[in-house]
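Both of the next two complexes hold subunit A, though its partner changes from subunit B to subunit C.
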Partner chain A sequence: MTSRFGVVTLAAAIAAALAAASASAETIKVGVILTYSGPAASLGDQIDKGMSLYIKEHGHDLPQGVSLELIRRDDTGLNPATAKRLAQELITRDHVNFLAGLIWSPNALAIAPLSAEAKVPTISSNAAAVNLTRLSPYVARVSFTLWQECLPFGKWAATKGGFKKVYIAVSDFAPGHEAADAFSKGFKDAGGEIVDSVAIPVKDPDFVPYLQRVKDAKPDAVFVFVPSGKQATALMKAYSDLNMKAAGIKIIGSQDMVPDEELPNMGDEPLGVITVGTYSNAATRPANKAYVAAWKREYGDKTPPGFMSVGGWDAMAAIFSAIKATGGHPDPDKVMAALAGWKNPDSPRGEIMIDPETRDIVQHIYIRRVEKVGGHLANIEFETLPMTKDPWKELNPPKN
Partner chain B sequence: MRADAVGGAAPQAVEALARAHRLKPWELAPWLAAIAAYFLFPSYLPLGAQILIAILFTLSIDLILGYAGIVTLGQSAFFGAGAYTAGLLAAHGWGEPISGLAAAAAVAGLLGLASGAVILRTRGLSLLMLTLVIAEMLQEAANKAGDITGGADGLQGMEVWPLLGHFEFGLFGRTAYVYCLVVLFLLWLVARRIVHSPFGRSLTGIRENEARMHAIGSPVFRRRLVIYAFAAALSGIAGALLAETTQFVGLDSLGFERSGSALIMLIIGGVGRLYGPFIGVPLYMVAQDRFAQADPVYWDFWIGLLLIIVVVFARGGLLGLAERLLRRRGRKP
Partner chain C sequence: MSAILAAIVSIAFHGLAYAMVLYLISVGLSVTMGLMGFVNLAHGVFAAAGGFVMTRLMNGYGVPFPLAVAAAFLAVGAGSMVLERLLYRRLYGADELSQVLMSVGLIFMSVAAAKFLWGPLAQPMTPPAYLSGQLDLGFRAFPAYRSFLIVAGAVVVTLLWLGLERTRFGARIRAAVDNRRMAQSIGIDTGRLFTWTFALGSALAALGGALGADILAIDPAYALEHLVYFLIVVAVGGLGSIRGPFFAALLLGIADTGFKYLLPEFGAFFIYALTLAILLWRPQGLFGRV
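Moving on to the complex of A and B:
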């Protein structure tokens, strides 16, 4: 091969690459609204890492010439007004093609009308408020709803779980009330008795007085929902300080209470705690093993991935697949059409699908117990409710 | 105040007092800047509207803190009361924006009158604590009354009608910006008028030497109460503007953080000068916007650094600094 030939081929390759680039060169912008500062910053960190990891592992899957830009914004916590302004700016200033992230339901509920007005496909990585996907035809969810988890969990608790009397203690905001309503319905329909219920302030709560009230009522168990992360650890500490385990009161709830990434901070207190959830990093599915291994390669051992991170990962998986389906030109309506019925058999949490009717996620719901594996606490899945839909949407059909 | 009423005072001082109420050309500068911003930064109008709202809110604090010497950390009580008034009206079928502002002003003003009648009998730290308590109590009440206010989830389902029946509050914030600018301008004219009126002068007198004002027969308590209620109404209008332009009200509208950061913005700009908010608020909010975009994780740190620099090097706020620099160059400000 002569050097001249080399130069010619190189020039031809560059020209071809440029032509291809100019034909489909497009930067797709994703506005990511998460909590990056303040007491809940660990949640934003989990989701952000999940998203970044997906992009790192799958970046080469994008159509040629298409690149992805994440524009990150800090909503500072449960702060709907701020989140709404950030979304508005991302839409009008940065002209994002997608919105993603969304930890707090109230923030997401404030953003949803904007996504409808501006036709920006919006993927919730965590926000679980059940009516979120009803507020805008451009919202899809890859996390879960509390009804999806807690209604079957209530049924399970009253039957196989063997609980008779349960006290409900939940955070005083939309997802807390939904968890309480769903669990209560499932539990009572299956013959259980709800002793009483209490709502705990969602910002900076002190759990001790509330759990003391629970302790005085002597139920078999207390059903809890709190926002995940550091609040979960504070709750577990209050449970331990009040010696509730010794008093024979079990603590049960959704996965937000024993997130995988917080388990190392909780001591041995959570041993035996039963929760309902969508993801545990201790699961032995091959897709999960690969995910956890990739996570450790990228971020080390210090903070293991939890269910929030998988919300970030799957949000990116959904966005990637929508970009591919629209050939790199993500027209909002085509994106939503591509997301309707979208399936990912290889999510770390098992198979997932977006329900074409409701744009909400359909997935396996796991009942798990905290056990010690190799010296570390882990959420061990012991029962699977396969491909569960959100039951609230069936119980409350849209009014038209 | 007429010059001949002051008798033997130095003629220069009399002249200065008599001329203080006349509009000077440089007073148009902030308004020209605001109009220019509309054309120069069309994609920043939502932020611009929020800056205008924060200026109005901070102006209300300047009136009571800077002129009447009433220290407060609870002005957000009135901001939130106004926001929820306009929000609840719009969520229950009355989305006309201008009457929403009037209703918000009335509710917040009455609340200021009622709470002021009780707490303005105290001074200094106790007063500071009481203002804080009122705001905290209101916030907790709004949190508990979740059926009415939506609690921590915020008020959902506001429907604000187009302004004057024509201009929709769209996504790009054009209507919102112009609306806020016009409202701010009108209320600023009123505030300016008050500050330069005999009533306003007597407030400054109360701030500087209350005993002497009692001695000359000035109704001190009543004057403090009137300005407190007026500032409350201004805050209420600011809250209503935020509710109407963002079509959302959350518990944070009543929160301490709002009062605290308004105080910081006022201190950055300069207290008791009527123009402090016009300097401090844009500076703080634009800096916050830039920092938060450049560094979503540690932006709080950079804001803190900026504050330390201002407090250390610009006592009396940026306006105070400007005044000192002008004096040093031998010119009168």
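Moving on to the complex of A and C:
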């Protein structure tokens, strides 16, 4: 009896000691919601690696006694209900100081109201739904919006790009429509003509019938938005199966079509494809060279870093800055004040800033062409549209 | 006018290539379902396995395309025999729910295992140089690889049909599908027959998965993503038939391609409406027995 009592008191003493120890050293918890399983697991993998790499390279930058704990949760894919539940658990049970990650816009849109209610600063590493940052004053974005990419790209295509007639073919979901609307506005305002447009069901494995229709319409180019990965690969295959290049129809689109990590899997078909994007791992900026080298040291050559990984990296950079600015006590309002106007001149993608008014990212937009460099395909940036804001928010001022 | 004609030819051609892939993968499912009454939803796993074996051999070890396809066919056939002995056999007498649960469980295990072994990305498939590019037939050019798919599919269909109609093995399978107890009582070892049929069906799926990797990209979730298409081919074609799935695949492939061309906004849903209509008209499928 006494011995058991002894064990219990000992256990209690240890627990108390541990609690005291953890209270003295501030642990800042970041709830990371990403897709770690299912068909889109590669996306979560990219962002998670970007985040982990930042922590590894910059962990010593945190204020004395502050430690960072990532609590990872798997939303399994485009799944708003699951994502919302995970966010709820992270907020109420784990008492996270930040939420980060967020690949899918619908998932992020489901989480945004929670971040407002619970006052949890939330950083989107990828979710690009244009109105996301309007839904909660505690949401900031370090990825991009499709308006930010595609509207100036439309303008470029009609002017410097020299395209007169463009067919639009996008995946039938919100980002596809945003890309189509933004490109169409930019292109038409600059004098271009949209021949026709088609929305392709997201799950469709074969693009041939849709592209055949495009080919019959004889445009100068087809503007495409499809999710990264095998959809993009299948689209490129259909493009070459139909011999559209020989028919004089170019393929243009957003970086999602030729992400750096998928390029090695796509064969030679994407050669010459022109895309608009925020990041290419072939860029020669010193910050990017350092990033790619660190990535190779840590993860080897197997999967190169793509634009999503940089979203993970910059989300951590923003969180680190906010922790430092608040002296290791990340009060949500102070964090958001620190993030407003936050600048990172050393991002692998070049200088970035969080717009203090919209909490959306301001960054360089690059026009790139797929070229062969050293036996590998790479997205080579050939034109920079410096420090571009999200135009949608200017075109659609908030209604009060 | 000639533009419309060109479009029609293009639709028929691409629909046919797509149909061949669907047929190769689904015919085994139809036979095992009809023969053994086993609801093997995990059939697509064998197709995916075929694709993985082929791409691994080609990309990792530089094995030539025909050898890699043959290896996929044999390896998956042999592997499926082991699975049949260890897993499937235990559930032959079980109710359909147990069979479905077991095979769905297999799908999820295969998805996780494939992701662990090969990573989450789709496997690159580069057809050999002699099958790449365009094949010029004089009046117009066709993509070489898809032309090859159509020819390969036609050869396999012919061989299968001859094998079932003209060989003793085929006669036994037909006998067992028609009336298993009668077949047993005249001395056909249906247990062994099942094993071989299962292996053949799985190996054909592997062949379809490997040859079709250019159209249906090989990635870990393959078996789950395309399951609906395989089931439609089998349901529309009718269980236990070789011809049924062939016509069902043709219908599905060409109609699907055609309607997506004509009505791109709705075309992708048309195939489900067509399936519904056919099954309302003939619940047993086009060539199934009541």
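Rule of thumb we're sticking to: the second predicted complex is superposed on the first by the 371 of 400 C-alpha atoms of A that agree within 3 Å, B and C clash if a C-alpha of one lies under 4 Å from a C-alpha of the other, contacts with A are read in each partner's own complex, and residues count from 1 in each chain.
Just so it is clear, contacts are C-beta pairs under 8 Å (C-beta built on N, C-alpha and C of every residue); 3 or more make two chains touch, one makes a residue touch a chain.
Given the structure is predicted, the values throughout are model-derived calculations rather than measurements.
S.K.: Based on the shared subunit A superposition, would you classify subunit B and subunit C as clashing or fitting together?
M.R.: fit
S.K.: I'd like to know which partner A:303 touches here: subunit B for first, subunit C for second, both or neither.
M.R.: second
S.K.: Have a look at where A:110 lands relative to subunit B and subunit C in the superposition and call it first, second, both or neither.
M.R.: first
S.K.: Scan A:93 for contacts with subunit B and subunit C and give back first, second, both or neither.
M.R.: After superposing on A, A:93 lies in contact with subunit B but is clear of subunit C.
S.K.: Kindly classify A:73 by the partners it touches after superposition: subunit B alone (first), subunit C alone (second), both, or neither?
M.R.: first
S.K.: According to the stated criteria, A:173 is in contact with first (subunit B), second (subunit C), both, or neither; which is it?
M.R.: Touch partner of A:173: subunit B, not subunit C.
S.K.: Considering only the touch criterion stated at the top, classify A:85 as touching first (subunit B), second (subunit C), both, or neither.
M.R.: First partner only.
S.K.: In the overlaid three-chain picture, which partner chain does A:137 touch, first (subunit B) or second (subunit C), both, or neither?
M.R.: A:137: touches no partner chain.
S.K.: Could you tell me if A:65 is touching subunit B, subunit C, both of them or neither one (first, second, both, neither)?
M.R.: After superposing on A, A:65 lies clear of both subunit B and subunit C.
S.K.: After the superposition, what is the least C-alpha distance between subunit B and subunit C in whole angstrom?
M.R.: Nearest C-alpha atoms of the two chains are 5 Å apart.
S.K.: Using the superposition on chain A as set up above, list the residues of subunit A that contact both subunit B and subunit C.
M.R.: Looking at subunit A, the two contact sets intersect at 37, 41, 201, 203.
S.K.: What residues of subunit C sit close enough to touch subunit A in their complex?
M.R.: These residues of subunit C touch subunit A: 3, 6-7, 10-11, 14, 18, 111-112, 115, 119-124, 126, 134, 141, 143, 145-146, 214-217, 219-221, 225-226, 256-261, 264-265, 267-269.
S.K.: Quick check on the complex: what are the subunit B residues that touch subunit A?
M.R.: Touch list, subunit B to subunit A: 43-44, 46-47, 50, 143, 146, 151-154, 156, 171-173, 242, 246-250, 252-253, 292-293, 296-300.
S.K.: Please output the residues of subunit A touching subunit B within their complex, sorted ascending.
M.R.: For this pair, the touching residues of subunit A are 36-37, 41, 72-74, 78-82, 84-85, 88-89, 91-93, 105-106, 109-110, 113-114, 117-118, 129, 172-174, 201-203.
S.K.: Give the list of subunit A residues in touch with subunit C in this complex.
M.R.: Within the complex, subunit A contacts subunit C at residues 37-42, 45, 198-201, 203-206, 208-210, 212-213, 216, 229-230, 233-234, 237, 240-243, 261-262, 264-267, 302-303.
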